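Both of the next two complexes hold subunit A, though its partner changes from subunit B to subunit C.
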Partner chain A sequence: MMFLSNSTLGEVVWTQLKFKMNAYLGAVVSLIFVQIIGLIVSMNGNSSTGSGVDNTSFTIITISSDVVFAFVGIWAVFVGKLFTTKAYRYDDFSFVATRLSSNLANFSVLCLMSIFAGVTTFLSNYILRVVLLLVSDVDYVKSVSIFEDPIGTIVNLSIMIILILTISAGGYLWGMLVQIHKAFTYLLILLIITLLVTKTGQTILQYVFIENESIVFLIVKLIALSLVFFLLAILCSNRLEVRR
Partner chain B sequence: MSMDTWVVAILPLLVLLFLIWIFLRLGRNITKHINWTKRLSKWLLYVYIGMLLLAIVAYEFIPTNGDKIAAPKEYTMFKNENKIFQQAFENNEGSKFDSKFLVEEWTQELVGDTLEIISKGSQFPTERLNIEWTDSKEQLVEAKMYKTHSYMDGINLGEEIPLSTVEINDNQIILTAPSPKQLTYYLFSNELSVLSIVDSLDAWEQRRVIGYTYIYLKVPKHINVIDKDGLQFY
Partner chain C sequence: MTVIDCQDLRKKYKRMAALDGITFQLKDQKITGLIGRNGAGKTTLLKILAGFIRKGSGDVLVFSSNPFNNLRVSGNSILVDDQMSFPDSLTLADILGMAPDFYKRWDTELANNLFKYFKLNPKQLHSRLSKGNKATFNMIFGLATRCELTMFDEPTNGMDEAVRSDFYRALLKDYIAHPRSIMISSHHLAEMEHLLEDILLIHKGKVVFHQSLEEVKEYAVALQGTTDLVEKLAAGKEILHTKQLDSQRNYVVIKKEEMPVIDGVTTQPVSVSDVCMYVTSDGKGGIDDVFK
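And now, the complex of A and B:
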């Protein structure tokens, strides 16, 4: 067959990516609200350590991005899942596209959103720092800032981005599975509980998240996990029906 | 950390996740009724990013309490110095005391042959006391107060903890503990503590040095010391 114009896969993906970045702006706005709720919840601190000597007791309240990250993690699951819903998938029919190009475009959008979510989650800690120090009369200990520890900043930032990407990839796979059969909606929850309760599940979680000789191992494992999720999602999408 | 502890630690997270899920559902229902224009969304995005960047710059200009001691070896050095002092104190080796720990010293000519040590202000003595017996035939008693290093998460606690007061009368040494005090500090972290929980417990121990207040007396052997509160370090 002959066509007036031939587009490469890269061009199609790029066109879809541009469209999706504009169309899914609402997801980014919802991320801001999710982070603000997380920040409000974080105001009491994530953990505290105390000690006492000579009639004086000390409490050090540690404020980190953990709670905001938990909120963003849930957001990532739902955004990943959202991209697989019929309404979003049907948007792709506005273009001359294949399932592969749609999946690659979705993957790219999730990557970009994960970068944005990771960076803003990391930086949101600074809003908390400033607000707490201006509003509260509690003293604070000099804590490491971006300028003092640039390498640490890059490492922590990378972990946050990749974790969010893995979670959103998990959400994307979950969404695809749900599109195949509704039962997967509950099977995922069952799978999470099984992972937490069974010894094998705990061993897997410990292997992935805790037993890491260095942070590089963790990053490599998470990237590999994300790729596995996406590949499985692509395989699942090939089983979906075409639009009727 | 054992498996069971790990599961218990993750349970509150599950509750939190459930709450977030409820929040998100509620949020979705509410936002359905709001007509977000693309222009408004973009502005919201710019304002939020602007606020984040502003917060980074503003944080650098907020004055701090306490200096961060970054290197764990500094804490190790403090711990060693405290240990050496403690050992010298227990062994009555006054000559080995590091002079930088000396806070105050007194000498007192006793009236009789009795010296009474009284502790006030606290159920448990806040000071550690030791006596070096001298062969002197005089009535002169020397008292020295020392305070060893106390650091926690970069705060020099030595500067924050009020000192015990020492009052020496004709034949009494009255040690009054400082009034109870509660100090709270914020410590901000760039790290996700969920991922570094095993390391952070060790790291926290490394960033903690607790020192004590020591009272060292030089008393002639013929003086009878009455220590009702059991302050003496045997």
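And now, the complex of A and C:
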């Protein structure tokens, strides 16, 4: 008598997610490393203005975690791409998996990692302030804190998280396309240049990032964009063979 | 219930046809040997059955569904080969610890006992294992999943003699305790013959025969004796293999049929692995002909 065990898609995705959270710890380690580099670069400040009154002189240094965010953005692209490499895809198929369940699990992992990356990048600003006080001869640090503007902080944080997710989703789609054909490695670079240089490209970028009536609108657009990236990646990978 | 049902299954790589119309069925819980020469299509067939690669044309059903992208097939089948890979961030112990979440019938006790018996290091990484130890670990993993369809592709590659015979023993014992459909492809047919109930012989992407071991043993007969007598006896028969023993004597393997007994010609049984070898050889001659 044959006994077949039946697992639902949800169960398998959940199991894969648990497995991946264990297995992909290296990606988190690399995130922390990237953030530290970003912080070191940020220490010099983005801009400074100096002035003096009588024999007192002062310098105002503007510090932001933009550099850290830029570094995390690059990290997000490559983590998304990393998950599509042969080694990562093959690992899934040593256990129970279908291409759909793998994609959904990867999507979930990227979501969780984006949240982690967003929160830590946001908090890196605070590290910057503390370290600055301790290390350099800065006398006074003024900044908006969570308590002064809770809603604004939450909105900023959400945008940061969702932007990281969108970028990693883009990287994921890019990786899947490269798995189908190597030529996509260069096509993406070409696409980015086209977006920045041509008029249509600029209109598209403007539409997504700038022409937003409210910040909520931007968030919705970014979430929609991430979902489109993931759906396209699922469609691309649905025919990919493993261990061939 | 039918475990595997292949109808005219084909698969092409670039221009070369790896599978060229495979038709067979696997019904009961048996240990089947998938036998064939290098490049016969064994690995391709197993990978299609495991859902790793897509079929070309024809039909393939595993547990009544197409294995490609099927969760039920993935959950109830496993293909153990030397390309199995696991994340480098997990130790062997981690991998064994995670497997029960995926495979509902995972046998933790069996996995741990075999792991200890073969003296594998639980803190080792899968990619750092030697070839033989990797094969051993993969085998343990495959057995412990208790999948209804367990497939091994050249499982003994890299294993030493002692581990190989232990593996055959472990496989047999576990199969008797928990019957399931097991398919093994191997080049070492002679040493694992005692395990097999059925033989599926494929050659150049086609099924040559799918028979029980007993039938394969009776498939051919060898005639040995003086050349003229043997040739007379074999005339008009399906000759599978001939070998000149010395200037006077000849050795001919023919498909078995009723035969008159003649003085000076002895009939001998042909081993299963020899049958498989002769049936799948292209010419009638052997390697000796190359050096003539």
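Convention: the second predicted complex is superposed on the first by the 222 of 244 C-alpha atoms of A that agree within 3 Å, B and C clash if a C-alpha of one lies under 4 Å from a C-alpha of the other, contacts with A are read in each partner's own complex, and residues count from 1 in each chain.
Here, contacts are C-beta pairs under 8 Å (C-beta built on N, C-alpha and C of every residue); 3 or more make two chains touch, one makes a residue touch a chain.
What you are looking at is a predicted structure, and each value in this text was computed from that prediction instead of being measured.
K.L.:
Evaluate whether subunit B and subunit C can sit on subunit A together after superposition, giving fit or clash.
P.N.:
On the shared subunit A, the partners fit.
K.L.:
Would you sort A:65 into first (subunit B), second (subunit C), both or neither based on which partner it touches?
P.N.:
A:65: touches subunit B, not subunit C.
K.L.:
Scan A:239 for contacts with subunit B and subunit C and give back first, second, both or neither.
P.N.:
second
K.L.:
Kindly classify A:55 by the partners it touches after superposition: subunit B alone (first), subunit C alone (second), both, or neither?
P.N.:
Only subunit B is touched by A:55; subunit C is not.
K.L.:
Considering only touches as defined above, state whether A:32 meets subunit B (first), subunit C (second), both or neither.
P.N.:
Touch status of A:32: first partner only.
K.L.:
Taking the superposition on A as described, I'd like to know which of subunit B and subunit C A:190 touches: first, second, both or neither.
P.N.:
In the superposed model, A:190 contacts neither subunit B nor subunit C.
K.L.:
Considering only touches as defined above, state whether A:19 meets subunit B (first), subunit C (second), both or neither.
P.N.:
Second partner only, subunit C.
K.L.:
Residues of subunit A touched: more by subunit B or subunit C?
P.N.:
Touched residues of subunit A are more numerous for B.
K.L.:
Contacts for A:91 in the overlay, against subunit B (first) and subunit C (second): which applies, first, second, both or neither?
P.N.:
second
K.L.:
With the two structures laid over each other on chain A, which partner does A:141 touch: subunit B (first), subunit C (second), both, or neither?
P.N.:
first
K.L.:
Tell me, in angstrom, the smallest C-alpha to C-alpha distance between subunit B and subunit C in the overlaid model?
P.N.:
Checking C-alpha atoms only, subunit B sits 7 Å from subunit C at its nearest point.
K.L.:
For subunit A, what residues appear in both contact lists, the one with subunit B and the one with subunit C?
P.N.:
Common interface on subunit A, subunit B vs subunit C: 22, 25-26.
K.L.:
Residue numbers of subunit C touching subunit A in their complex, please.
P.N.:
Counting only subunit C, the residues touching subunit A are 1, 3, 29, 47, 51-54, 63, 69-72, 74-76, 81, 83-87, 89-90, 94, 98-99, 101-105, 141, 148.
K.L.:
Given the complex with subunit B, which residues does subunit A contribute to the contact?
P.N.:
Interface residues on the subunit A side: 22, 25-26, 28-30, 32-34, 37, 45-47, 49, 51, 53-67, 69-71, 73-75, 78, 120, 122-130, 132-134, 136, 138-147, 149, 152-153, 156, 159-160, 163, 196-197, 199, 202, 206, 209-210, 218.
K.L.:
Using the touch rule from the top, collect the residues of subunit A that touch subunit C in their complex.
P.N.:
Listed in rising order, the residues of subunit A that touch subunit C are 2-7, 9, 12, 15, 18-19, 22-26, 87-88, 90-91, 93-101, 238-239, 241-244.
K.L.:
Can you check the complex and tell me which residues of subunit B touch subunit A?
P.N.:
1, 3, 6-7, 10, 13-14, 16-17, 20-21, 23-24, 27, 31, 36, 38, 41-42, 44-45, 48-49, 51-53, 55-56, 58-60, 62, 64-68, 121-122, 126, 150, 152-155, 157, 160-162, 164, 177-195, 198, 204, 208, 210-213
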